[in-house]
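In what comes next, chain A is part of two complexes: it sits with chain B in the first one and with chain C in the second one.
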Partner chain A sequence: MKQGFRQSMAWLHTWSGLVVGWVLFAVFVTGTASYYRAEISRWMQPELKREAQVTPEALAAAADLAVVHLQTHAGAARTWFVTLPTPERPLVELFWRNKPGTPPGHVLLDPQTGAPAAMRATRGGDFFYRFHFELNLAPLWGRWIVGICAMVMLVALVSGVITHRRIFADFFTLRRDKAAQRGWLDAHNVSGVLALPFHLMITYTGVVTLALMYMPWGVTAAYKGDQFAYFAETGQITKARPAAGQPGTLAPVGPMVGRALATIPEPLERLTIVNPRDANSTVVAVFEEPHGLSHEHPQVAFAGTSGDVVEVLSGGLKPAAKTFTTMVGLHEAHFAGAALRVLFFLCGLMGCAMVGSGLVLWTVARLPKAGVATGFGWRLVHALNLGTIAGLPAGIAAYFLANRLLPLDLGARAEREVWVFFGAWLAVALVGLWPAPRRAWRGALALVAALFVAVVIVDVATARALWDDPAWFLGFDAALLALAAGFALVSHKVARFAAPRRMRRVMEAPAAAPQMGRA
Partner chain B sequence: MTRAPTLQVRAAVAGRVVLAAGGGYAVAGLATALLSLTLPMPRAEAVTTATLLSFAVMVGIVVVVFAARSLGRAAAIIGGLALVLGVALWFVTGSLSIGSSPIGPSP
Partner chain C sequence: MTLLVSLGVSFLGFAALCLSMARHHQAVWSGPPDRHRTLTLRAAGWGLIALSLAAAIRFDGWNVGPVDWLGSLIGAGLLLIVVQSYRPRALLWMTPVAAAIALVAALGSLV
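Now for the complex of A and B:
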């Protein structure tokens, strides 16, 4: 800070990156996995049989069955959410909010019979999706922690760009035969710089997805804090219809579904039914986004007791609101087709690599001389690095294994899968306490590779008979094998890079890494 | 670069972290509230624009705090900015007779 602008930014980059690096790594990994949230959910429920198409009549019938179930099991709830069947996922998913303080309800139904669907209980890809911004904590805590870390990441990105005088040259530089520290520095630079537009975009738009929670003061000043009024005025949601306080009877929902489908030419995603037993109940049909970047769901609102249309929302956002929904759309990448989604996934992996290599670089740049004991700080960072970078992928592999191996009729099965995830993560994190850091890295990464191979073997052995599309499941398994190969390769490289002879060379020439060395 | 930072250096760094987080959020929050009320566009658009910009404002403040020559100088810059924004906001809310301060418990 006394040494000039670039040095102060190098210092800021090093320490801001270190402090939040572990959380960011977890956020990047689970966020990258969330690009394939639907696919992960499908893989984790192999009992599900897809259908060629779902007709409008079938959708209307499924909506009526859903309401029957909700009236029996969730009569007191304030809001019902009904996700209707699609060819990819021919299920009715119900979710309802009870009084504050009581947990929400959730169930999957067979759209033909209305009975609970006969499938293994799992949180599937949704677990990664929620973890990505809530870290499996209480939602408010998790969202604030992730938001703060994302802001620090923005600072680390900006200060990292300022730190790099030679940002374009670094783009093409990977000196893998020089000292280990150089190798890690270059790996950090390449993964950081090559996908820099993606990193900046994904971090900023990520904060924007929860913008009104983090920065509510504009709405406080202009709307006296009424976020519903703000969202309705921007045209993102239909206007709120307050409860009348008198009981009312919900009209049949099937005909409303039919009318909504005739109004909007997009696939129907879900129904939201607000105050279902009130005289002023509202049914909102929410459609998928039309083709394009913007995260902008067309909606048709009905008066619940009469079934009359009260509002239709379809496009026509003003520029700022359009910017906002486009940023959210860019973050979620729902618009991306198969090829573009692969590119987003690879950019996400680059983000994981950037955070991971940055964390490792901190320890490599501060390796003590041969024969000198490592300090507490170094050992702590090393243990947290290994615990996160190898521990989280091990947890993911164990979560997949639990999905195939836990008994199908086990009580609280979905929660136990999550326990296995955290148990495996913790177990691998303990490896970080092993006194020989290099061997600990090598062993932990090899273990991750072995776990992913085990997932594929167990999948083929136990679930093969259930696959409705063997090529699809084999493709998913092949992706897991590619991950396993990646971890095996890094495990092998760690052993090679951390060879004692190379380490000594780093220590003899500490001036070799002036750009982002110790500050 | 000192090997073992003195207590004074550590305190100065801690001070900057607190100033960057607290001051950065305060300036960003005040700027969001002020722009939400003053940008020449429909109310919903002004709020959206101001909120989208707020995070860039905060990152800029953090960079300024850590790049400033001394902690006192950084505090003076941030304090001055917050004061100007706060006074401007006070005038705007007064003239619009909205009343309640934007930073505070929401109703």
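Now for the complex of A and C:
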């Protein structure tokens, strides 16, 4: 069989895109949501009251309170992580890693009292963030699956560019008056070509963020598998200080916070306390990234028992490490201000549109003729398409609804929110088995729109009294309403889908009548 | 604020490139453009896109500037494609508005 290069690439594009499309859609949607991870977290904990500012003294006091809590509740842990309060999020977040095989601990504290904060339990925006690269599976499995899908996506992107015959001539073309297949192809092309720089960047840098996991052999050979030695030598983290095996007492961390703040002019983000009860304990103060593309946190390391500075890490990365951190920085877009973030979000949505329209295009291009039954393959792809494209947004809306509706004192509340997410997703996915495909699409999309409207209504009804900044919460709700409007519009378009044909018949009839009359 | 400059200028550049094509020119004015008009619009389009890159780098530096530029190209392009597909004649008033926004934002950033 002899085929042209372009036909081979078209085949490759079709099938590589289809096989990973469903996972990619979920990764794109949750990744796009992760640009507003902090905002989603804030919306999901409306009890939180922001503060005008957090003084260095308050930071030091909060760090001391955190250590008191950890000494009593996590004395045996290997590592403590203390996220310090910020004006946007005036809370102390504690996380600790126990012996291998024991689950880690996590708690939110009020920085004034040191008591657990009175907040509803939720995973907030962090759930989307982790789902984006772990799919809520065991980290190793999730990261490998997402990584392989991203690598296949690079194949699909390059083969797609080669397949696209009129990339410049059709750059601005979005035909709506032609056959359905033409319209879907135009939508796929426009969302793919226009945002191509973003798609290539985000896919490539996405693989690069976890490249050490996918290709560990360099570090295995040069550092005998000790990734931390590699990170330390490239200047990305401070040098590891192995445990002495002798018990030691941690010096007060408040003064260390003060010295760290005097050393680095960035906002202090968190403390990492390694081997807290060892004679060789280490306290690392980690700062926010300075302005710039590169993802690098300045750090100051202290000897835990004496409180002396042992290392200051601030800039000065070598070119290879700088390249890596710049790629990670571009992927996460922490440097982006409000306006640029909107554009990143828009690009993310175009990525979702590209993957979604590509999946739908597969089924539209293979629609059986009228009267012919659809094959099993077609029905499978259709069901998976509907289950993913309508199911995932329905899950997100249900997750938000659960956040407002589940009782506040419910046990394992945060996990139950996640159950609701997957439950709603699964329920909508079952709609894909409905025998009439178009009606299934229409109903499922209308349901998603209704769910997002319900989120807003329930939010206003139940949480209004808690809002510390009503305009901000109303803005978030307005964004949800815009999403709902988008889904309602698509649902409406799907319903009207046959209209051109019917319209033509209607138009043909009156046109025919006068001729009859004249004759 | 500085992003508005590159957004507005990219929109103008893309609009000129778009209108230099017969199909899109016909949607706004009757008939395809003549050769002279095509070349003028094309040159103006590429010139404006280069100008938006220059503006992004002038206002935001070599570090973030190119990212701003690509972002504004994509955002402006999406707006343009949707408009010329649903309401092509709206370009007649949208281009002056885009020019005005870019100009005001540029003056605001320079002062």
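Please note the rule applied: the second predicted complex is superposed on the first by the 495 of 519 C-alpha atoms of A that agree within 3 Å, B and C clash if a C-alpha of one lies under 4 Å from a C-alpha of the other, contacts with A are read in each partner's own complex, and residues count from 1 in each chain.
We take it that a contact is a pair of C-beta atoms (placed from the backbone, for glycine too) under 8 Å apart; a residue touches a chain by one contact, two chains touch by 3 or more.
The structure presented is a predicted model; accordingly, all values stated were derived computationally and were not measured.
After the alignment on chain A, I want to confirm one thing: do chain B and chain C clash, or do they fit together?
Chain B/chain C on chain A - fit side by side.
Name the contact category of A:323: first (chain B only), second (chain C only), both, or neither.
Touch partner of A:323: chain B, not chain C.
In the superposed arrangement, does A:376 touch chain B (first), chain C (second), both or neither?
neither
What angle, rounded to a multiple of 10°, is defined by the Cα centres of chain B, chain A and chain C, with the middle one as vertex?
So the angle at the centre of chain A is 90 degrees.
Of chain B and chain C, which one contacts the greater number of residues in chain A?
After superposing on chain A, more of chain A is contacted by B.
Between chain B and chain C, what minimal C-alpha to C-alpha distance in angstrom results from the superposition?
20
How about chain A: which of its residues touch chain B in the complex?
The touching residues are 1-3, 5, 8-9, 11-12, 151, 154-155, 158-159, 162, 204, 207-208, 211-212, 214-225, 230, 233-235, 318-321, 323-324, 327, 518-519.
Which residues of chain B touch chain A in their complex?
Touching chain A: residues 1, 12-13, 16, 28-30, 32-37, 41-52, 54-56, 58-59, 62-63, 66-69, 89, 93, 98, 100, 102-103, 106-107 of chain B.
Which bits of chain A are touching chain C when the two form their complex?
Result: residues 169, 171-176, 190, 194-195, 197-198, 292-293, 330, 335-336, 339-340, 342-344, 346-347, 350 of chain A touch chain C.
Which residues, counting only chain C, touch chain A once they are in their complex?
Going by the criterion above, the answer is residues 1, 3-4, 14, 17-18, 21, 23-24, 63-64, 67-68, 70-75, 77-78, 80-82, 84-86.
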